[in-house]
Amino acid sequence: MIEIEEQQGQTIVRPGFDLVSHRVVELRDTILDLAAQGRQKVILDLVRVTLIDSMGVGVVVACLKTLKQRGGDLKVTTDNEDIIRLFNLLKLGYILI
Amino acid sequence: MIEIEEQQGQTIVRPGFDLVSHRVVELRDTILDLAAQGRQKVILDLVRVTLIDSMGVGVVVACLKTLKQRGGDLKVTTDNEDIIRLFNLLKLGYILI
Amino acid sequence: MAKNNLEASCEPCENGFKCRFRSSEDGIDFVEERVQVWLSANRTGADAFSIRLIVREALTNAVFHGNRNDPAKEVFFTLEAEPHLLRIQVEDQGQGFNWRDKVLAPLEPTAKRGRGLTILQTFSRSARYNEKGNVLTVLIDAEGVQA
Amino acid sequence: MAKNNLEASCEPCENGFKCRFRSSEDGIDFVEERVQVWLSANRTGADAFSIRLIVREALTNAVFHGNRNDPAKEVFFTLEAEPHLLRIQVEDQGQGFNWRDKVLAPLEPTAKRGRGLTILQTFSRSARYNEKGNVLTVLIDAEGVQA
């Protein structure tokens, strides 16, 4: 399940599952659909996510690229120390809010 | 001070200072001198080192390259957890014994 | 997570356990779950996030790169506790690969792929292949293990 | 480490201290020493190795890239404790740089240079520049700080 919420011109996307393996395709499709509808400022809220693997990170980066190409942006929000560390170690700390 | 010791055809190089800033030039020159003398199998023993920064890592990598080009090798030995972590985070774990 | 078609098995071994499964993504979930169960029953002091991540990356590479997702090929997984360490071994039935080059590939922050080997290296104490490249051994710090 | 030509000063500020020095490598050592003294007097629970490393990388870039080692230019350093965090700020008097591109540069394991920004990012909670690129703010986890 992926929750979607509008807030001050931004779209909050809140996946309800871990971003691992091919499961992340659902997240990618959701964000690409939003982009196609012109909702290109996305906040990816990882409050319900306990693990992201390299495929999950790959999808986040791919979505960010697509959104940027269309003049949008993607930021990740999370309080999870491990996930923050993962993004930092992959030199993606700049993507965190 | 840099200690040098021969052991079973390998040269153990043991710097007595932290590998930071331009201080590391002394280590580089020592290892390049050894290479020029045909002592191309080097073990860099970091037992007296408490810190390495990006310049220190750069010198270790540069020495490794030179030694490899001459058919030699360089390995790093340390028990220091922080230094092991540093090499791992820089994708240089393979250089540790 | 009882998958109908999943061919997988698991058995205890000295200080840990072994699993094997036919190449499939469900096999990866199966092993990750066994690992979580084992971790909650054994106080290792190891970081559960790192272990789950390492297990997934290692198994994903074994299934998709090693065995090319061929269900005729199996993946063998072992987890063993050693003093202050966990040792994880993953073997696939593929051709191996030139890991010496691949582990030194640059980490490209904006690339879509190519983070698995970086994660294996940065989240572990050490991650090494056999010469051929079809057996990966990962050591993970685990203060709590007396073994 | 009393260096004759070193022009540097240090003063306490709320929950930490500030230093300034004219561009020189000795200035980097001077500040690192002040940081070590402060850390041993204040229980922060922060990892001393990470802090020393971050301080050196940040100052090295300020002195050599920012100020191009011009002794007419100064470096300003601040360390402050906040709840569960240390905040380190380093300002140079250079032209700044296009940090958006540089922080996303690939990490090349076998390159001789180019690890400073990676170290700043991977050893900290966050490392961010002002728009111009001459002020770096690094946050470091420090469980022990109640502040």
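In order of appearance the chains are A, B, C and D, and numbering begins at 1 in each one.
Simple rule for what comes next: contacts are C-beta pairs under 8 Å (C-beta built on N, C-alpha and C of every residue); 3 or more make two chains touch, one makes a residue touch a chain.
As the structure is a prediction and not an experimental result, all values here were calculated from the model.
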{"item": "Lowest number of touching-chain links that must be crossed from subunit A to subunit C", "value": "1"}
{"item": "Most remote chain, CA-based centroid, reference being subunit D", "value": "C"}
{"item": "Inter-chain centre distance, subunit A versus subunit B - centres from mean C-alpha coordinates, in Å", "value": "41"}
{"item": "CA centroid of subunit A to CA centroid of subunit D, Å", "value": "31"}
{"item": "Computed distance of Cα centres, subunit D from subunit C, in Å", "value": "37"}
{"item": "Multi-partner residues of subunit C (each touching 2 or more other chains)", "value": "103-104, 107, 109-110, 118, 122"}
{"item": "Residues of subunit A engaged with two or more neighbouring chains", "value": "89, 91"}
{"item": "Arrangement of touching chains [line / ring / star / complete / other]", "value": "other"}
{"item": "Chains that touch, pairwise", "value": "A-C, A-D, B-C, B-D, C-D"}
{"item": "Touching residues (chain side subunit B, partner subunit D) in the complex", "value": "20-22, 50-51, 53-55, 57-58, 61-62, 65, 82, 86, 89-92"}
{"item": "Interfacial residue positions of subunit C with respect to subunit A in the complex", "value": "25, 28-29, 47, 49-50, 52-53, 56-57, 60, 107, 109-113, 115-116, 118-119, 122-123"}
{"item": "Contact footprint of subunit A on subunit D as seen in their complex", "value": "100, 103-104, 107, 118, 121-122, 124-128"}
{"item": "Touch list for subunit B against partner subunit C, complex", "value": "84, 88-89, 91, 93-94, 96"}
{"item": "Partner subunit D, residues of subunit C touching it in the complex", "value": "103-104, 106-110, 122"}
